[in-house]
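You will see two complexes here that share chain A, one where it goes with chain B and one where it goes with chain C.
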Partner chain A sequence: MHIQKGFQWRAVGKNWLLIAAFILLIVFPFLVGVLTNTDPTARRGLSVYWQGIMIELLIYGILTMSYNILFGFTGVISFGHALFFGLAGYLMGAFQRAPELADGGLLIGILVALVVCAGIGLLIGVATLRLKGVYFAIFTLAIAEMVYIFLSRYEYTGSEDGFTLAALPEWFDPTRSRLTFYYIAAAIFVFTFILIRRLMESPTGAVLLAIRENENRARTIGFNTLTYKLMAIVLAGILAGVAGILFTLLNKKVGPEMLGTAYTVNPLLMTIIGGAGTLLGPAVGAMGLRLLELQLRNVQIPLGDVVLDIGRILPIILGAIFILVVIVFPYGIVGTFTRWRLNQRARHAERLAKQAEALKSVS
Partner chain B sequence: MTGIFSRDKRSSLIAIGVILIGLLLFSLLTTGNLNLIGTEGFGAYASTINAGDFSITLLSGLLRGMLLFLVASGLSIVFGLMDVLNFAQGGYFMIGAYIAYEVHHTPAIIAAVPDGNLRFLLGVLLAIAVGGALGAVLERGLLRPLYARPLFQLVITFGVSILLLEAVKLIWGVSPRSWSTVFGLNEGSFQLFGQQFSVYRLFVIAVGFALIIAVALLLQRTRIGIVIRAGVQDSQMVEALGINVRAVFTAVFTLGCALATLGGAVAAPFLGASLGLSTEFLLGAVAAVVLGGLGSYEGTAIASLLVGITQAVIAKFGVQYLNQPVWESLSPMILLALVLLLRPSGLFGKE
Partner chain C sequence: MPEPVLEVRNIHTYIGQFHILEGVSLSVPKGSITVLLGRNGAGKTTTLKSIMGITPPRVGEVIFDGQKLAGKASFNIAKLGIGYVPEHRAIFRDLTVAENLQIAERRKGDLAARQDFIFELFPDLKKLYKLAGGNLSGGQQQMLAIARALVPENRLLLIDEPSEGLAPVIIEALMNAIRRLSESATVLLVEQNFRMASRLADRYVIIDDGASVQSGMMADLVNDQATIQRYLGAA
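Take a look at the complex of A and B:
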């Protein structure tokens, strides 16, 4: 192997899809602006509406990518991922609206939320990751449920209603300057993707994959698997916390539903449908599924006398899709596609080899 | 399963004894009108113990323990046999409650079967049938293709539990149902040290005890019981001996789900039917299964009662001293967390 100097065109060729997606992400607001003939920097209009949807998709993408670190790459199942998502939102909100802290509250809140997410991940991990995987699943479910009940019953946290944030600084406010917020969310999304990609290309990522495939083997080789798993859960917790903070800022309110099962089930569903253990899968799954959900929410199909309200039965449909995917389509969209392409390549190589063989016998 | 009195389990029995005595003392303290500042001494304190409160707390604990057992027994045997922790078990309990409620409160059925007791029995039987059928479908249709991928089995049982929740939400909505009709069994109550306790709840406790014994007899005295016990030890070996383990898997899974729906159905007259039952009983039952030691039937039975009594004591303590009913809902999670942190191998577990 020789070291290439200067710009590596090969790398561009390999990553053309990612680069195209990145450029699309950057021009998206202006593209929508041109298509809908509205001003992307305005405060209302179709352009702003689509930016809002895209921000939500990006947040779901971050949350799902964080879930994929655990489920897809390390083989650890968490049934309480909403805990990190919701708790980070609550903590950030509590500091942000504290009058004593004024404008510094936002920053302190974000830091505290992320530190707490990491700490909780560490605690849960230390307590249960030594044991069989199923204990971790149960424990995360129990802790998430516990915090959910706590936050939804106590008056200080606004009981069932949650609370709204204090006014945000003008440049940061998702309603007053949505375009800026869009780019912040997009930057964090890209950063998360690159971080996870770098991680999975590093030796640490290889150990995580080894743990997923066979933990005993990884331990026998000499890796302290507990440390690696702890690292994975802490990272996943922090990233889920980031998603929760962005979500809270976007909606300017927190509520106990952020800790509900929906925010655990959705990342799980999206990871599996997109392709667990692939880099792009979770982002594709999250954005595709959420977009589908948003589009189908208000669809009503008349079937004879009864009107089929798709929005109402949507959770059931998604559940059925989920079960179907797990059983017949276990690699998800991206996973199946990658396998198909690898297969194609292998076949192509075989064909070339055969041709070469034929040529040899002729000469 | 060599009897719970063998030597290696003696320490666990002592541990249970200590926990039970501790719980009883705790409940005595919480139910008595404890006045630590008073100068009358322990004798005076002992006389203020409210025997009524105490016995009612104990009975409520037993009742909850029995319900937990109905969910936990299926969880435990299925986990021992197939290494699958069925996260949908709580959902089955919830479905049972809704079915029993619906059968008892639908006007058409009331018109057809005016007798309350009979209608209740009908509801319970229907719940068992639905639970068993759903259980069989889940095992044969969804779990069987996934035995090579245990991670996804866990995911699918969780997915099914969410599906059950969504289905109930779609059919019955999100508002909880409380049992509004009175029927023969549900009517009577008796006095215990000046406190009322419903005869029906006592009846449920008795049913629970009968089922504990029935399942134990099934495991100990029948051929399928022998196969199940052998399967818990080493299911590959059993398969090698020419026994159709897969069929046994289905049977056990069906039985477990039927027991859970039965639990929900008999609990509906006092707990009502609500979406919260699902997670609450799942986590309580999981706490019992882990405390009892995964795969140990006796352990699960004893631990269910322990968890039930502890929950009742926590609930009583929370309401009486902290004035926070939230502790009652939190108790399954707290218990589960404590068990996982302190003794994850359980009282009777191998490891």
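Take a look at the complex of A and C:
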């Protein structure tokens, strides 16, 4: 009994940061409500505004975590991740607004979108995962661009404008029930994080890391690395699809921009800034960078007679931040911190071993 | 001579357009330690890679325990019971010592069944169990690389240059470990350090310019200074 209690406390101690973040996620709408003296359950107000921003950050977090499965954990660089994000949005939207499906269209759309994302991931994987490095990346880019061009010119999908969704059920509508939608997005974000964490703590996760480090070496131990890479691309595709569905529901609109390179390049940069191959890094990178972008977008600084519009030079600022982070934190923010902590631990173990050795020689 | 566990028959291997192995044949008797000798670039490492299917031979046959390995992927070759320890301390630097060993399990319980033996051979690994492989010293990494090949039940171990860049005291410990593990598995070794090879191996195969040129008992080679000078340039 005592052992079990001790273990549980140790687990809590080890995960205090995650538990604190989880609690913050739950109380966030009410905390903002109290701080801004607004009602988190209302349709308007600062709390609701911040819930909207937070939902967007959570969606970016899911998208970036999904990209991290490929790039960070398995070492596969894809330039076509937006394909899953955008296509899932289109498919869900197409079914959701089909009048003959009525209310069932949403659920059918979500299921079809996820199954198609998994299927496309599998097909791309089978066809191309034997390609190494940049060749695989270029192939995925070509596929994503192909779908982008097709959907942006196809009349049924609204060409360049895309299309809006039909009315959503009130309880699920991000405009009318923002708080409910916030908790749905938060629950999916937490589920994604736990799923990836469980995966990476399992033997399968160790094999993915081994593939990232040296695929040939992993093969000579006895692993069919292609199977593991396929699993990674399918899972990453499904999770990117989930992010795309949430994004479409939040905006109640889908357009070809969701298949654009921005939704591949941004997760890549966010993963690098947060720490590729770490669990928390991509979420930290995605949420931090997107929050910064949203906050700086409307800032204007008066400089004498002229007004400096930060929004107009935002890409330059973000580029400078990216360069700075890469120089100061070569393994990303979380990655560099984790490495520093592991090195400290290794040095400590070395010191203890030397002390033990010295004591042994004295006695 | 005991029956061979591995037979390599006149293999020719190409890397890109380069003809690297131009006729390597060798036979590794069960329970022996056989060493591949030869100068740098002679084709020793490529021979091990050809056996493992990493650079599969275009011509010739590799037969392990009566089974032809042609056309098999390296992960299937490994599953037949061949452990491969590549050169340059090929561990996974980002995984801990524990994970490096766990990942090598082919069946659940492989590590539990052999960890006493592994820690008896390499006691340092027990102390460093939770450290990342990249934080180990060169000797410790080499021990971990060999230990990883011991986790599943391998009948043949291919070990490439285990002494490379290690201090003499570590080499001695490694030699003892390889001797011990040869009690349960057959070993085919690539080794530049002739002193170590001659003390460790029962048999030898000399590879020169991509072809096997001589093989026999190590005890005979040690007394054959002319051959040593000619092919190995060592006294």
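Here is the rule we go by: the second predicted complex is superposed on the first by the 315 of 363 C-alpha atoms of A that agree within 3 Å, B and C clash if a C-alpha of one lies under 4 Å from a C-alpha of the other, contacts with A are read in each partner's own complex, and residues count from 1 in each chain.
Criterion: contacts are C-beta pairs under 8 Å (C-beta built on N, C-alpha and C of every residue); 3 or more make two chains touch, one makes a residue touch a chain.
As the structure is a computational prediction, the values presented were derived from the model and not from experiment.
Enquirer: After the alignment on chain A, I want to confirm one thing: do chain B and chain C clash, or do they fit together?
Expert: In the superposition, chain B and chain C stay clear of each other.
Enquirer: Using the superposition on chain A described above, determine whether A:Gly75 touches chain B (first), chain C (second), both, or neither.
Expert: first
Enquirer: Of the two partner chains, chain B (first) and chain C (second), which one does A:Gly222 touch, if any: first, second, both, or neither?
Expert: The answer is second: A:Gly222 touches chain C but not chain B.
Enquirer: Of the partners chain B and chain C, which touch A:Ile313 in the superposed model: first, second, both, neither?
Expert: first
Enquirer: Using the touch definition from the top, say if A:Tyr135 reaches chain B (first), chain C (second), both or neither.
Expert: In the superposition, A:Tyr135 touches chain B alone.
Enquirer: Scan A:Leu209 for contacts with chain B and chain C and give back first, second, both or neither.
Expert: The answer is second: A:Leu209 touches chain C but not chain B.
Enquirer: Does the superposition put A:Ala346 against chain B (first), chain C (second), both, or neither?
Expert: second
Enquirer: Return first, second, both or neither, reflecting whether A:Thr261 touches chain B, chain C, both chains, or no partner chain.
Expert: first
Enquirer: Who contacts more of chain A, chain B or chain C?
Expert: Between chain B and chain C, the winner on chain A residue contacts is B.
Enquirer: Nearest CA pair across chain B and chain C in the overlay: distance in Å?
Expert: Nearest C-alpha atoms of the two chains are 6 Å apart.
Enquirer: Return the residues of chain A at which the contacts from chain B and from chain C coincide.
Expert: In chain A, nothing is touched by chain B and also by chain C.
Enquirer: Could you list, by residue number, the parts of chain C that touch chain A in their complex?
Expert: Interface residues on the chain C side: 52, 54, 73-75, 78-79, 84, 86, 90, 92-95, 99, 102-106, 127-128, 131-132, 135, 148, 152.
Enquirer: Given the complex with chain A, which residues does chain B contribute to the contact?
Expert: These residues of chain B touch chain A: 85, 87, 142, 145-146, 149, 151-152, 154-156, 158-160, 162-163, 165-167, 169-170, 279, 283, 286, 290, 326, 329-330, 332-334, 336-337, 340-341, 344.
Enquirer: Write out the stretch or stretches of chain A touching chain C in their complex.
Expert: Touch residues, chain A against chain C: 203, 206-207, 209-210, 212-214, 216-217, 219-225, 277, 342-343, 345-346, 349, 353.
Enquirer: Give the list of chain A residues in touch with chain B in this complex.
Expert: Within the complex, chain A contacts chain B at residues 71, 75, 77, 79, 127-128, 131, 133-135, 137-139, 141-143, 145-146, 149-150, 153-154, 261, 265, 268-269, 272, 312-313, 315-316, 319-320, 322-323, 326-327, 330.
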